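Consider the two complexes below, in which chain A is the common component and chain B and chain C are the respective partners.
Entry: the complex of A and B
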């Protein structure tokens, strides 16, 4: 047990609590463990049950697209089924909860075994009786089987029409900064391998104390932090390797690594290199204008088209409606509510009015529209079968359209009612 | 002595978890017993609903009655559970099995559900009032049977219980008080309208005394020593329990618990938790332990969930709460929350500039742990995820509490949360 606490620093109270539950039979009928991502729920539970030599089945609900899969996985794990050509043990087949309960009761010495279900919140997506069935498994089966549910969601989200029997709850709180620092220091052997120069623990520690405050605000997920710390350690060592800086000079090292860290925060979770954040979009000239026209069509109402795009639209009397619209709160701006559908005619009309040199209407333009759809920059909003009066929507956000507009030297803001306040 | 202690704890855990005894409820027990006796001995058919809170009290009562009935005369018990027998086909299969009619059905091929039912009913019907064995049907989670197609099973069971065929008694166990309303008209008319309500607590004593009585019943060791416990250890244990129950502070704690909920379930859960927390070093139950367990019960899970969030995620939650304050709880999309967040981040230079994809990821995490829920709107399936509308599912009080408890949260965020908006 000490080994378990040692390999999971910061989890001592939780381990003690779980140990109290499973030290001696009878075990509690149902335990609900909640904790954030990579807070050690599953590793601790399976480690503990393994160390106590309690027979258990561990099933991840993400794998179970139907309750049949779930039941069969549990049954086969509990009965110790193994794929082995020499010993042909039949694979349990089970269609519904009634079968499951019956077969579970028939497994030899099933008393005192534990069923561990990861991502238990997915249980709600299966048939209505599965969740209630697992929580009340002991009453249904009359054998002493315990259920441990692991999830990230508060238990109160499970309440529904069905009456659930309340499980005992264990909470795995997210690691604090000090705990994270401590845990990441355990990663030292790995870091040693990564770096080309000889590093000591103190060097690694000072790296982590620089690293952690940068990423901690955006992310408390241990596995993601570890991934990021491994990824950037070599870069941190680089100046030492080139003998530009000494290993003790942590301030200078920090100055070197800070811009790299700042760039890296933008690709947290994305698992792409920070050097190429997103691939540059290379579109033909007219396609760019088509996309801009599509954006304008999506985020302007068609009644404003005349004012926006025609040269001699005449004077417009200010109505009360206009004044009200001017004072519209930002949350009701078109750019915040999402794109609206527009017809191809409107797209082409806007396209021709914003394009300075006149180009003939031909097949090439139409093909570019459909290739924009293929690139998913536009999406088809109308029925796919109808050929005339097709409607489109623009899928590009404001930042992207601004960069594209800048490339062709076009001011988008001027043509958006959200910004021009007519 | 350690051996004694372990035996005591094991005995008590088993008692809390599996005890089938029902204390009190003599009147109700007698009534059910009379009903069943009339079916078994006199061959009268009948039907009855037992309505009581969750926590298996009703089924305990039925089980204890059945125990008393044993050896009176030959009869068959058929037990069905609403969670297991989710449709009439499964229920029928189970009935066939439990009636030992497998052989009779074996050779036959039934074209439809109706035929199968007709056959079973014929089997039941062939007996007269005197000649045949009586059958007791126990339907657990009775309310779920009401959802079966056309309520065919219930209709037929009640129908038999109304006519002079094989004597059957239908006992329905449920926790829904409005269960009668769930029955279809033709089913309702065949039901005897015998209902019995089983509530926790009793009429004679106050709720507090009742709860203390129950705890005493669970915790005290009986005079006849269970295996492995010496009488000395038993007396010491019982003395401690009695002193505990007399303790003023303990009574106050119990009162607090009753304030939450008075049910067998919560009592059992608290007792179980206390029993599990006993260790070799502190072997006796104390008031502090109860207080601690109760506190963990009273804790708001949502606050814990909020505390586990990263600073960025808390920022988003604050932005969302501000949005719903300003716009009178109207739903919001990512775009609006992001604009609000960016506004805040720009104002405070100490806030890191976090890129849009990372904010999106934080938003998705908040959605995954169900702090926000998507609002169903027309055509929202086609919208991009930035524009899908969500509603915040936590209250401002919960956010306040969580922010107050979080350590190492940047002060700007706390100030932002505390700032008055309008």
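Entry: the complex of A and C
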């Protein structure tokens, strides 16, 4: 048990609490553990149950796209059933909760085993009786099984019309910076492998004390922090390796690494390595114009179309409009509010008015519209089944549309009511 | 009824078609015809070339990708290794590319490849089932897959991760590769949970993903939240831009010296326009060329002569009968040819088949020679002008080709402008260009062959390159001398001035020499180009090799609205009946179909159409006698038959989407289409 506490610094009270529940039978019927991502919930629970030699099933609900999969996984694990790939049969086929309850009692020595469900918030997406069934599993089966739910949301978010029996609750709070520092120091053996020079614990600690304050502002997720610290450690060591700086010279090392850290905070959570930076969007010529037309249709109101796209429009209308626009606060600008739906007719009308060379209306153009939808540059705003009066929205932001417009030599600002009045 | 279907109960039996070597309708219809044989052998060859080229173009990218996949699980991984393949938006081209990728992964990396397409994977359940069934060796084919399920006594619902895990323990621990060719079309939610599921099993099952992304890499970031993106480790791989692909296909296959079929300037222009303006798809481009080829060859047996070998021409001509000769005589350029001949030969050409065949042979061989030179000289001209400022003749060979086949290129303004620009070229640049030309010629000219004009040209170019080099040497020598002189006279200002002056004079002398040589070279080149880059229409029987019928545009680009408008406005065009023929587009005839009358009438209204007025107009045309009664202003009774016909016509127009009923004015309909 000490080993468990040692490998999870900062979690001593939670471990003690869980130990109190599971040290000796009878175990509590249901325990609900809440804590943010990578706060050690699952690792501690499975470590604890393993150390206490309690038979348990650990199922991740992300995997359970239907309740059938969930039931069969739990039964397979508890009974130690191995799926034969040629037959593929589970321990028992369970289509609904009653089957599961019935089958659970059939397993030998099932008394005193524990079912651990990760991502328990996903239970709400399954049938309504599944969550209630698991919380009251002991009453239903008359077998002493316990259920441990691991989740990132508070239990209050589960309340619905069914009366749920309240489980015991354990909260895993967010790690503080000191705790994180302590935990990341445990990563030293890995860091030792990474670096080409001989490093000691003190050097690694000073690296982390530089690293953590920068990233702690943007990210509290332990696994992400660990990933980042591993990723940058080699770069940190580089000046020492090149014998430009001494390992003790932590201030100079910090000066070297600080800009790299700052750049890295903007790509947190993204793991992309590319040999070809700055890859733009390649579109055929008319597709570009269609996309621009779609953007204009999405971010202008249709009442302004006449004024924007026709050569001879009434002057009177324009002045009245002008005054209205000037009073509009910037939060109400069309470009700030988000795309509005438009019909295909309007898209084509704008397309033909902004396109300088006249092209006949043909099927290739229509196909372009649907391939823009397929590329997720436009999205279908109307019912997918109805064929007439289709409505679309433009999914592209202003920067992208500006670069596209620049490629074809078109001034978008001129045709946006937000800009043409200011 | 065979034994297979002998059954006590009545039922429906599914028979799967047995796969036979495919014979298309075209094969059955035309395999006798000589032109079809020529066409099919040429097309098979070109298509094979196209596939080979495509394969080789993607090899470098694919080998990088395969390396990545192979090495992805050598170290312990915490995220799923993911290859993001930026393919560009040329959708129809992807299928073949991913199919070959799948094959290569199977051969080189791991036999376990799952190929998931968005149509089949609407939700997580079906995605998992399809993926697992592909891994454990059930067939890709949907129907066979159902069969296999029965054979293996596996239920579809039992295909889940625990099955996959226990199956994997029995295998040889190879990688599990998942290919998703159309990332954008996938439901992002489904993919998210898929990634989360796989990442929770990553410790036991070494998965690798390959995503095909058509737009750009940021799509990957915008479609997933943080806790999903941190589960995948993305490496980006990029295909060549589709325009490079197109140029390579054109230059390597269709604008090649060995391809007898030539697209004319207008048609090639149309095809490139479709490519650049509409779809970016090379696959479509090649299909368009195929269509043009079919159109070209179906002219008749004359096209069987569209070959690049002399002996083959001889064989084909030997087999020609009188009808085939007549087919050749129908070519337009034959007329000019006949008229240019003296009288006696004219008669012979038209009546004597054997004499005619000999004449055709001579002329066709001349065209073959012309085509070879055309390609060689176009490439030379391309080497000369492709990097000129402003590129008046275009940067690509295909642009030059288009121009050369549209008009006489050496007479064009662009050509003159290019040569003016060439006169400003520095010596090094010109020398480099000449060397390029020499290289191109070396490729095409057979050194061992007897003296040809091409060979003379080659020799002349080599000579010019050498002369240019020599002036180079002379000049640099003089440079050194003048530099020394300058240094020697540094003491005295006057002397220095003089030295500089003389130096500049000397330089201008060499400069002059170079200028003179340059003029000579350019004049020589221009003379050669003028001789060989003539428009093909000057040659008799050029139609056999060049196809420039722009009327295929209507087949290549479909215009459905215009087609419907034409059908309704002028039914004679499609019906070809005598009763509907009209001279003026605005004329309405009572004998036309009802819907056409209603349509033609509705064109005269504005946005709203009053149904009663419309009916009256309809009546006037269908039943003109009634009009006289109308003049006495009395309300007349409408014949119910006519009204029913009118109602039906209106309903049909509504069905076609020309009008819709209005809620604001109950007796009006709204017009939805506008001309122009």
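Everything below uses one rule, namely that the second predicted complex is superposed on the first by the 279 of 422 C-alpha atoms of A that agree within 3 Å, B and C clash if a C-alpha of one lies under 4 Å from a C-alpha of the other, contacts with A are read in each partner's own complex, and residues count from 1 in each chain.
Definition applied: contacts are C-beta pairs under 8 Å (C-beta built on N, C-alpha and C of every residue); 3 or more make two chains touch, one makes a residue touch a chain.
For clarity, every value in this text was computed on a predicted model and none was experimentally measured.
When the shared chain is aligned, chain C comes close enough to touch A:371, but chain B does not. When both complexes are overlaid on chain A, the residue A:335 reaches chain B alone and has no touch with chain C. Of the two partner chains placed by superposition, A:301 touches none, neither chain B nor chain C. In the overlay built on the shared chain, the residue A:270 is in contact with chain B and with chain C.
By the touch criterion stated above, A:25 is placed in contact with chain B alone, chain C being left untouched. In the superposed model, A:283 makes contact with chain C only, not with chain B. In the superposition on chain A, contact of A:136 is made with chain B only, not with chain C.
When both complexes are overlaid on chain A, the residue A:66 reaches chain C alone and has no touch with chain B. When the shared chain is aligned, no partner comes close enough to touch A:411: not chain B, not chain C.
Once the two complexes are overlaid on chain A, the chain A residues touched by chain B in the first and by chain C in the second are 37, 268-270. Those residues of chain A lying in contact with chain B across their complex are 20-21, 24-26, 28-29, 34-37, 96-98, 101, 121, 127, 129, 132-133, 136, 139-140, 152-157, 163-166, 168-169, 171, 173-174, 176-177, 214, 216-220, 262, 265-270, 277, 329-331, 335-339, 381, 395, 397, 399.
By the touch rule above, chain A contacts chain C in their complex via residues 37, 60, 62-63, 65-66, 68-69, 72-73, 76, 82-90, 221, 223-224, 227, 268-276, 279-287, 359-365, 367-368, 371, 374-377, 388. By the touch rule above, chain C contacts chain A in their complex via residues 78-79, 84, 86, 88-89, 91, 123-125, 128, 136, 152-155, 157-163, 165-167, 170, 182, 184-185, 193, 196-197, 200, 214-217, 219-221, 223, 226-227, 229-230, 232-236, 238, 241-242, 274-280, 557-562, 657.
Residues of chain B that touch chain A in their complex: 6, 9-10, 13-14, 17-18, 54-56, 59, 81-86, 90, 94, 144, 175, 265-266, 269, 272-273, 276-277, 279, 296, 301-302, 304-305, 307-312, 323, 326-327, 330, 332-333, 335-336, 339, 352-358, 361-362, 365, 368-370, 382-384, 386-387, 407-408, 410.
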